[in-house]
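After this come two complexes, each holding chain A, first together with chain B and then together with chain C.
Here is the complex of A and B:
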């Protein structure tokens, strides 16, 4: 390496160091993504060596088959509960940001569910929501709500998605809260002092100072929540298997079944691509709405 | 740079291995403590059979070399397989067998088949029967074709490529004490008696039939085994391809589904069918809180090991009508296949034969022996046979019907769920017929 200039040596070293992560990135992120898009235009069955190119037929199928696209209706409860979850997370963040005895302990308690394994959580809630022996119904019975204590939380077609969404709320509330907490702590204290001097009350400080400062973070959290709501899979997979009678099937659930149960990898790839596009569309809409709201305030 | 690529390649390989593992096969670990394999008994039972079938005067002479058997029974390595290897070597002194056990048999075996590197004897994965000759050697010269069940299940062009390790059947698994407590003195032989027995169990506070409705998969008998038994036609599922409306209230599918719907309407299933728990149900059957299962005999060892004794668990054919006669479906387990490029082809074939005739594996695993004249050792299977059901051998799913099912995305267990829960079951039938017809039309193009 003696004959090389410092510049060249630097480049070679840089290239060497970069090549490993770039190769990994290309191999495990870009190549599968490109392959997925390519597969979505074929009728690959998972074994066939030379799948046929069938153009947009898979995409037509995704949008015209009610059985496939209609399941997005089942995911509306997740989005609704997700919005509530963010509101509650802000409330908790504000509370736990004040001088409260034992607030670190509460923060840990709130955050703990997020650390737990998703499948373990789902499995655990099987025992909570069980109709005859579940802890929830036993609790309801113990406090005298006998009418409610026989509810089939996972068996009622109009309830099941809310039951499932409440589990994901339990799980992600603390995570959202921690992000809000971080944002709250980055709001300069002198702004609050100035507001107090101007005679702002608690509520005014929250509405006029805290929330506008949180806009960017609310946007981020809503991004996480909505993309999560669009891609729910683990909870219905473990708890209900999409039942009762398909009421808790989600789009991702359908995608996985299409690929691995019905051996239609082409259609499943098209469904994944469509899901990706929908996430992009929903998030741009959301940015438009929240972004504008922020400017008006 | 080069190092980076090597590393990337290494990681790629590792991740492939990692993804190929995981999951476990359904047929794993149904070891039955009750079916204490008595090798001497089964060996003597089949000694006549093997003697008659031996083509040459001294068969042991050509049987030599070391072969490998790829198996899914990881639980038997270093235990029963040590004994198997020893006994095989005693019968064929020049030959040795080694066992390689893997999990997720189906996927892993497919990968090995496509790589061309696979052992001498293996369990045939789920590949189309037309592909069998590409990988496996015909087994017709073992002379077993007329003596075994499922001689056309893994066959192509009239040649036999795989012999099932054992057979399973489907019926009512019940807790004998629960039946006695409820005052059921004789096993129901007709559908009315069956409902009456369920009523008695219900009166006693016992859940009559554990459907495991929520878990979906345990409902499979109602959509496949029961309709086939009712029709008496093993090709019932495959013949659907000839119809645009294969389902109807009054055909075997509708009849089978109506039985489970009736059980639901009369409250003979779990109190809330949408909140059931498979693992718990085994314990509840064992303890007598639940009375019956409608499942395969593979579940019996699992119930026994969930907290009861084998003599408390019984097994009888589901009486699906009032005729007093029943058909039952025999379904095959994994089939032994022999690598067509094996260096010791004869040894490999001899091993397959030995596994079927002499090893005692079918008794150990709680299977019905695939050799027709061999008796099952499991007490429950003996009881089952004592009711004299007519057996129907399962037929392999045809590629055409599988294609339509996949295209229409029909999950047969989900159909059972919808049929049971629907206000008007006819609508469910209509919806599935519509799906079927649409998929059939789309594929016919």
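Here is the complex of A and C:
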């Protein structure tokens, strides 16, 4: 290539380096997105080559059928637990950012759940939450809480989503903590020294210095929590199959079932489009709030 | 340092909170470890220690019934190929976007930004037919191509790092008459090493955990990966806790061991990956 001018080289490099990634992007992101929108207006069954155009019927179905749009209510516990998870993660990050013997050990331990295989973790908690033999109920019985010890954690319609959300809290708390810890450690130490010289106490430093410096990363994590709660799928899919009586179904779970169990790909496409739009709205809000929209690119 | 640890109640409170958290973290895995070594006749107390930690019966049964080593092989194969694809294509794309000027660059950047917004699983309804059309259904290459093509986080990680490599390096190499390919190969690619490490860590965790893509695209039992094999086994052997604990333990050990050895890199990888946002 040495004999060619840089202009020619650039053309060759651009062509060779970008064609494959762009082809993959077109094939697995853009084509599916366009086709998804198109199919959401049809009665496509996933096989038929020429599905019938049925206008907005699928969307009307999504918004009027309580069984479809209503399942978002099942996802509120994930958002609630997710917010608590962020708050707790900040507490632990602050604790582990202070002078403390063994803090690296605690950090390693608390991050441990995140690197465990997600499916294995799910089944591990199936054992924890089992009504008769589960370790949680036996533990509750052992410490004298007999009333609680017969709880059906995954079989009770009002508890199941909190139980499932707590599994993801167990898995991701340490991860959030490590991210907050990273943000805390990037606050310059001389700011703390200056505050100490000015006579700031522990709580003042926390409220006036630490937390304000975390604002951006807190916002980011809150939005991640929110969009994560919108797209819950794996835990109910693995552990409860949406039960009991549909109480742990999520919108994505419904979408996937509508497509691959009931072969109603048209309706499933409409559901995907709706979910996609909601996620886009959430992300736009995020960019608006955090104000980093244009700076990234 | 002014106050001694002994007299400071806040310091005590910190330890209490941390020990409580440690208990919560360790409680479920403890039950798994203990029960993986128990025979069926060892009673119902999930906390009791097994008669012997040398009783590997459950592990033998599980490995035999699920062909677990084979699933590990499939998983490693998928992870390795996906990583190679991600690193090669990701660095190339980042080189073009981060170093070369060309028409339509904004458009390309916007296209990748769009891809980060679309949650992959929502488009599976259509991607499924694409994979079938490509003839990759029920093949190990279906997840590989999806992990390479449908997830674009590598572009952002590399772009962020490439900006920190001084452009003077490229310029002086050009002065010496190096070709653009050589600049990419001998300067940019090696200097992107830390980004590659970040990427390898994040993607390995993601791919090892991924359940739905292998479940959907590789229903054939010989193509099971770790996630799908535990799912099938646990659904077919409900409440056989000894077996289920054994398979959970077998699946968790490799990543836990890797983690304990590589924790420094994993922490920095996760932090780097997250700050990108």
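Throughout what follows, the second predicted complex is superposed on the first by the 276 of 297 C-alpha atoms of A that agree within 3 Å, B and C clash if a C-alpha of one lies under 4 Å from a C-alpha of the other, contacts with A are read in each partner's own complex, and residues count from 1 in each chain.
Definition applied: contacts are C-beta pairs under 8 Å (C-beta built on N, C-alpha and C of every residue); 3 or more make two chains touch, one makes a residue touch a chain.
In this text the structure is predicted, and so the values were computed from the model without any measurement.
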item	value
Which of chain B and chain C A:204 touches, first, second, both or neither	neither
Partner chain(s) touched by A:287 [first = chain B, second = chain C, both, neither]	neither
First (chain B), second (chain C), both or neither touched by A:52	neither
First (chain B), second (chain C), both or neither touched by A:20	both
Touching partner for A:126 - first (chain B), second (chain C), both, neither	both
Broader residue contact with chain A after superposition on the shared chain, chain B or chain C	C
Partner chain(s) touched by A:155 [first = chain B, second = chain C, both, neither]	first
Chain B versus chain C as contact partner of A:238, first or second or both or neither	second
Residues of chain A at both interfaces, chain B in one complex, chain C in the other	16, 20, 24, 27-28, 126, 130, 134
In the complex with chain A, residue positions of chain C that touch it	1, 5, 10-11, 14, 17-18, 21-22, 24-29, 31-32, 35, 44-47, 89-90, 92-93, 95-96, 100, 102, 106, 108-115, 117-119, 121-130, 145-146, 148-150, 152, 155, 174, 177, 179-182, 184, 205, 208-209, 211-212, 216, 226-227, 230-231, 234, 239, 241, 244-245, 247-248, 251-252, 255-256, 258-260, 263, 266-267, 270-271, 274-275, 277
Residue ranges of chain B touching chain A (in the complex, touch as defined)	1, 4-5, 7-8, 11-12, 15, 110, 214-217, 270-275, 277, 405-407, 409, 411, 414, 417-418, 421-422, 435
For the chain A and chain B complex, residues of the former touching the latter	15-16, 19-20, 23-24, 27-28, 47, 67, 126, 129-132, 134, 152-156, 240-246, 257-258, 261-264
Footprint of chain C on chain A - complex, ascending	1-2, 4, 6, 9-10, 13-14, 16-18, 20-22, 24-25, 27-33, 35-36, 39, 46, 91-92, 95-96, 98-101, 106-121, 123-128, 130, 133-135, 138-139, 170, 174-175, 178-179, 182, 202, 220, 227, 231, 233-234, 237-238, 252, 255-256, 259-260, 265, 268-269, 272, 275-276, 279-280, 283, 292, 296-297
